[in-house]
Amino acid sequence: MSQAKNNIMIETLKNSYTPAIVGSILLLIFGRVLSKGFLSINNISSILMMTSILTMASIAQAAVIISGDSGLDMSIGAIMSMTALFGPMIVLQSEGASVAVMVIAVIVMGGMVGLINGIGVQFLKVVPLVMTLIMSSVVNGFSIFITKGQPAVSVNDALLGISKQLVGPVRILSAIVIILLVLLEVFFLRKSNYGRSLFLVGNNTNAANLCGINSKWVIIFAYVFAGAIAGLAGLMLVGYAGTAQMNMASSYTMLSVAAVVIGGTKLTGGKGTFIGGALGALVLILIATILQALNMVAGLRSLIQGVILIAILMVNSRAPKLRQ
Amino acid sequence: MIKGKKVVSQSFFPSLLLLVIFFAIMGVMNHGLTLSFVKSLILTNTPALCLAIGVTVTILVGGTDISLGSIVSLVNVVIITLAGLGYSITISALIGLLVAVICGVFNGIVIGIMRVNPLLTTFATSTIYAGIALWILPNPGGSIDYAFAKWYMGGLFGFIMTPVMLLILLVFIWAGAIRTPFGLKAYALGCNEKKAYASGINVNGIRVLVHTFAGLTAGVAGICLTATICSGSPTVGATMSLNSIAAAVIGGVSLNGGKGGIFGAILGAGFLSILSSIVVAANFSSYSQSFIKGLILLIGVIASILAGDKVLKDKIKGIFCKGGAKS
Amino acid sequence: MSLEIKNVSKHYGAVIAIKEANMVVNSGEVRAILGGNGSGKSTLAKVISGLVGSNSGEISFDGVPLDFSSPKDAKKHQVIMTSQELSLFKNLTVEENICICNLPTKNMMTNRKQMKERAKDILKRMQLESLMGKLVSELAPNQQYMVELAKAIVQEPRILIIDEITSALYREDVEIVDEIVSELKQKGCIILFISHRMAELYAMCDSVTIMRNGETVGTYPIMDKTEDEYLSLMIGSKIESYHGEGKHQEKSKRDIFMRANHIPIPSYHTYEMLEIGKGEIIGIAGLQGHGQTDLLQALYGGFGKINIELDGKKVTVKNAKEAVSHGFAYISGDRERDGTFSERNLTENLSAVQELVKHKKIPNAKKVLDELHVKYDNQNELITSLSGGNQQKIVVGRWLTASPRIIFADDPTKGIDVNARTDLHKEFAKIANNGNAVVMISSDDDELVSITSMVKTSKVIVMYEGHISAILEGNDINRENIFAAAMPINAIPEEKGAREDDKR
C-alpha cells in the first residue's frame, strides 16, 4: 500500500506540470494575502482572460518548439499585432458574419506568415531563431506600411462581446480558449497522426525520415499552425483590449516561450504539451497581476518579473550536469 | 590568385560582398562619398558594431545573448543620471562601463555555472536590466555636457576618431584572447560541449569569460550611444539585440557555434548600417521604410546562408570547373 | 607500481552500471576488458578517467588514492582516456585537436610552431604526416580514430584507456597501434584496452578482465582461454560459436525479385548494379567506408530518384516515403542517429512506420514485443530505459510490423550483445524464408558468413572503393575469400597514390 502511495508521490513530483501548478497555487494565496479583492469574480475573470490570450500564443509556440531542430517562433508577437490591426478592418453588414470572416481571415494571414517561416527554415536552411526574428520585423514593417502608422480601427461590438458576455461563470473568450485547448491537446497533438509524427520528427528527424515520414512538411506545418493560432490570438487580443495599436502584442513572443518552458516543455523538441503552456501562462499572468496590484512602478515590476523568471529557469530548466 | 581564393572561401565573404555592393550603391545614390558622410556613418553605427562583436563571441561558444540591447539602455541611463547628479563625465562613463561588465558577469554565471539555456537566461536578464533602466529613469530626458559628444567626435591624430579607436580596442582584446589557448578552447566548446569537458577544458570558466566580454562590448556601445544622443532613454537599446544577431548571421557566424569570427560580424553590422541609411536616403515613404528594411534583411540573411551552404558551393564550383575545362 | 580498483560501484538513478568492480593492473601491463553491452566496461573506463564519479569504492595508483573531480584533474595525473564518441572537434585542424588538452604557450599566447612540431612528431610515428593542417571534418573515419589516439599519446599517459577505438581501423592502422602500445608498455604505462575484436586482443594484450552485468567476473592471462571460452564467460552460459562456414547451400537458381542497374555511389562517383532474388539474404562486406552504406542508401532513395525493377515492373524510388510504399525497410546500426526516438515510449517507437506512414493499426503491440523477446517493464516507458540490444529489437520490430518485402540493414547488430544478435539473425532469416529479401552490411565478416548460411539462397558481395570486387556464393563464402576481396593485393599503395594525386 505505502509502496503504491510512494510511487504515486514520485510520479506526481516527476510530472512536468507540478512546478507550474504549485506556482499558481502559491501565487493565488499570495495574491489573496496582499489584497482581499484578488480572488473576486471580476479579478479572476480578467486574469483568466489575459491567461487565455497568452495560452493561445503558447500553444503556437509549443507546436514549433516540439517540432525540434532548435525550433522557435519569434514572430508570434508580430503576427498577433498584425492580425489585431487588420482583423477588425473587415466590416460586413452583419456584425456576427464579419466576425466569422475575421476569424477565417486572421487564420489565413497568420498561416501565410508561418508558411514563409517554415519554408525559410526547412528549404532555405535559415536557423529558426533568425528566420522568425527577421520575419517579425518584416511583418511589423508590413503593418506600418499598410496602416500608414495610424491604427485607427474601431472594433465592432460582436468582437468586443467575446470579453464581455458570459457563458456560465466565465466569459466567452476564456470558454472558447479552454475548449480549444483541450481539443487541440487531445485530438490534434496526441491522437492525430500528424501530432504523433510531430513528436517523432522533433525527437529525431533523421530516424523519422528513414521511417518514411516527410519531416520537412511536418515541420513546415508546425510553423503554419503556429502562425494560424497566433493570428487567432491577435484577434482575441484586440477583442479584449477594445482598440488596436502598433506592435501591441510584441511582448507575447518571449512570454510565450517562457510559458511553454515553465509548463515543462524542453527546448530540444520531441516532447511537450499544450496544457503545460497554459499553466505556464497562468503563472506569468498571476505574477504580472500581483505586481500591478502592489502598485509598483513599471520599471520595478519588470525587474521583479525578470528575477522571478530567472529563479524559475534555475529550478526548472538547467542543463544536466556534465559530470554524472 | 591563391590569396583571392582564400578570401572567397572564408565564412565572412558573403558579408564582405554585400558590404561592398551596398557601399557602392550608396555612393551612386549620394553622387560620390564624402569623408564627412563616412565619418557620420561610423559615428552613428559604432554601437551596433560593438554589439555585433559581443553577440558573436557568445554565439561562437554555442550560446547567444539577447540582453545586450537592454544593457546598452541601462548604461545610457546610468551615465545620464550620474552626470545629472554632478559626477564628472569620465567617472559616469566608467561606472556605466562597470555596470555593463557586471551585467555580463551575471549572465555568464547563470549560463555557465547554473547551466540555464542562454536564450532564456538572457531573455530574463534583459527584462531585469531594462526594468532597472526604467526604474532609474522612467521617462526619456536628461542631458550631459556637450564635451562628451566632442570627445566622441574628436580625432586623436587629426583623422582617427574615438569610435574607431574604441572598436579597434575591442577587436584587439578579442584577437589577443583567441591567440591564447583560451581561443582554441572556446572554438572547441562551440563545437561540442561534452567533448570539450572530456578534453579537460574549463567549460564554465570560458562561458563566464565570454559573457563578461559581451557585457564589456555592450558597455562600450552604451558609452558611444550616449555620446551620440547626449540624452537618456530607458528603451534606447531595445531593438539593438536582434539586429546584432542578424549581423552575426550575415557575417557567416554559425548559430550552432564554433564557426565564424568577429570580423564577419563587423562586416555584417556594417552592411546593416549602410542598408538603413540607404533606405532613409532613398526617399521611400516613412511608412514603408521598416518593411523594405525587413525584406532586404531577409534577403541578405538567406543569401549569406545559401552562400555558406557547402553543397550549393560545390555545385557552383562544379559549374566553374567545367567551364574552365572547356575554355 | 600498480593500478588498484577496489569495490567500485556506480549507479545512474536506479540503474546499476558497475557493481563492486575489482581489478589490479601492474605497470607495463596491457589489460583487455571484455564484456557484452551494458556490462559496465565503458562506465568503468569513465570512472577511472574522471568523466563520471563513482558512488563507492576506491581507486589507487602506486598506493595513492585517485579521486578525480573532472577529466581535467585526471589529465593532470596523466590518466588519459580515448574513446570514439568523446574526442575530436570537427571545426579544428588535426594539430589543434592533438594538442588541445595541453596547448604550448609563449608569453601567454598559443605557440603554434611548437604545437605543430609536437603534432608532427607523433603523426610521424603513426605514419600519418599527410594529415597535418587538415580539418578533422575532412578525415575518413579510420583517420579520425588514429588522430584520437595521437591526441591521447601526446599527453604522455601513465594510465591509458582505449575504448573501442580500433573497431573502425584498417589492418595496417592496427599494426601501428600495436607498435605504439608496445612502446608505451616498455615505458611502464598501464593500458586498459576495451575492444570486441578478439584477434587484436590476443595480439596486443597480456591479460584480460571479464565483466558481466557490472561485475568483474575474473581476470586471466589472455592466452589461457579460447575465444569461445571467453564468450561464454561474458554471457554467463555456454553458447556455440556462430561460424557458418561450410554450411551454405550450393549455388542455386533464384527468382529475380529486384534488379537495379545503375546505383550511384556518391563517395566514389561510381555506379554499381545489384540483383536480389526472392528469399535471398545478401551480405555486403568490405572495409568500412568503401561505398556499402551508399549502395543501400541509394536503393532506399537517399540520393534522389533511382530506377529499379521490382517483380519485373519498372518503378522509381525518389525518397524514403516511396521506398516504404514499395515495401522497403531501412535499419541502421547507428541507433541514436537513425533509429530510436529517445524521448518517446516503446509503443510510439514501434508504431512509427505502420501507423503513421502506412496508416494501418497495429493490433497487438505487446505480442510483437514478446515475439522479439524484448525485455521491458511496460509499454509506456521511454525506449532509452532499455539496453542497446533491446532498443535495436524495437527498431527492427517497427519494420517487421509493416511486413516489409526487402530489408536494407546497415550493420544492424553493431554494438549489441550476442543474444540479441542471434535473435535478430533469426528474424532476418524468417523474413527471407517467407519469400522476401534481406540486404545486410556488416563490419563483422563472421556475422555475414553465419547469417548467409541460415537460408537457401544467399550471397556475399564484397565492396572495394565503390565497386563490387567479388560476389561469393555457396561454399565460397568464408572469411578468407571475403578478406581477400576486401583488400585486393597491391591495391592499397595505389589507393594512397591516387589520393595524393587528387590533392594536387
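Here the chain labels run A, B and C in written order, and each chain numbers its own residues starting at 1.
Note that in this section contacts are C-beta pairs under 8 Å (C-beta built on N, C-alpha and C of every residue); 3 or more make two chains touch, one makes a residue touch a chain.
Here the structure is a predicted model, which is why all the values come from computation and not from measurement.
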Dominant interface by contact count, named by its two chains: A-B
Most distant chain from subunit A, judged by the mean position of its C-alpha atoms: C
Geometric centre distance via CA averages, subunit C-subunit B, whole Å: 44
Rounded Å distance, subunit A centre to subunit B centre (Cα mean): 30
Sites on subunit C at which at least two other chains make contact: 51, 70
Multi-chain contact sites of subunit B, meaning residues that touch two or more partners: 194, 197
Residues of subunit A engaged with two or more neighbouring chains: 323
Residue ranges of subunit B touching subunit A (in the complex, touch as defined): 64, 110, 114-117, 119-121, 123-136, 138, 193-194, 197, 203, 234, 242, 245-246, 249, 255-256, 286-295, 297-298, 301-302, 305-306, 309
Complex contact set, residues of subunit A against subunit B: 70, 72, 120, 124-127, 129-131, 133-135, 137-142, 144-145, 147-149, 254, 257-258, 261, 267, 297-307, 309-310, 313-314, 317-323
Residue ranges of subunit C in contact with subunit A within the complex: 12, 51-53, 69-70, 300, 319-321, 323-325, 330, 332, 337-344, 348, 352-353, 355-357, 359, 398
Parts of subunit A lying in touch with subunit C, wherever the complex brings them together: 193, 196-197, 199-200, 203-204, 206-214, 270-271, 323-324
Residue numbers on subunit C that touch subunit B, as the complex places them: 51, 70-72, 74-75, 81, 86-92, 96, 100-101, 103, 105, 108-110
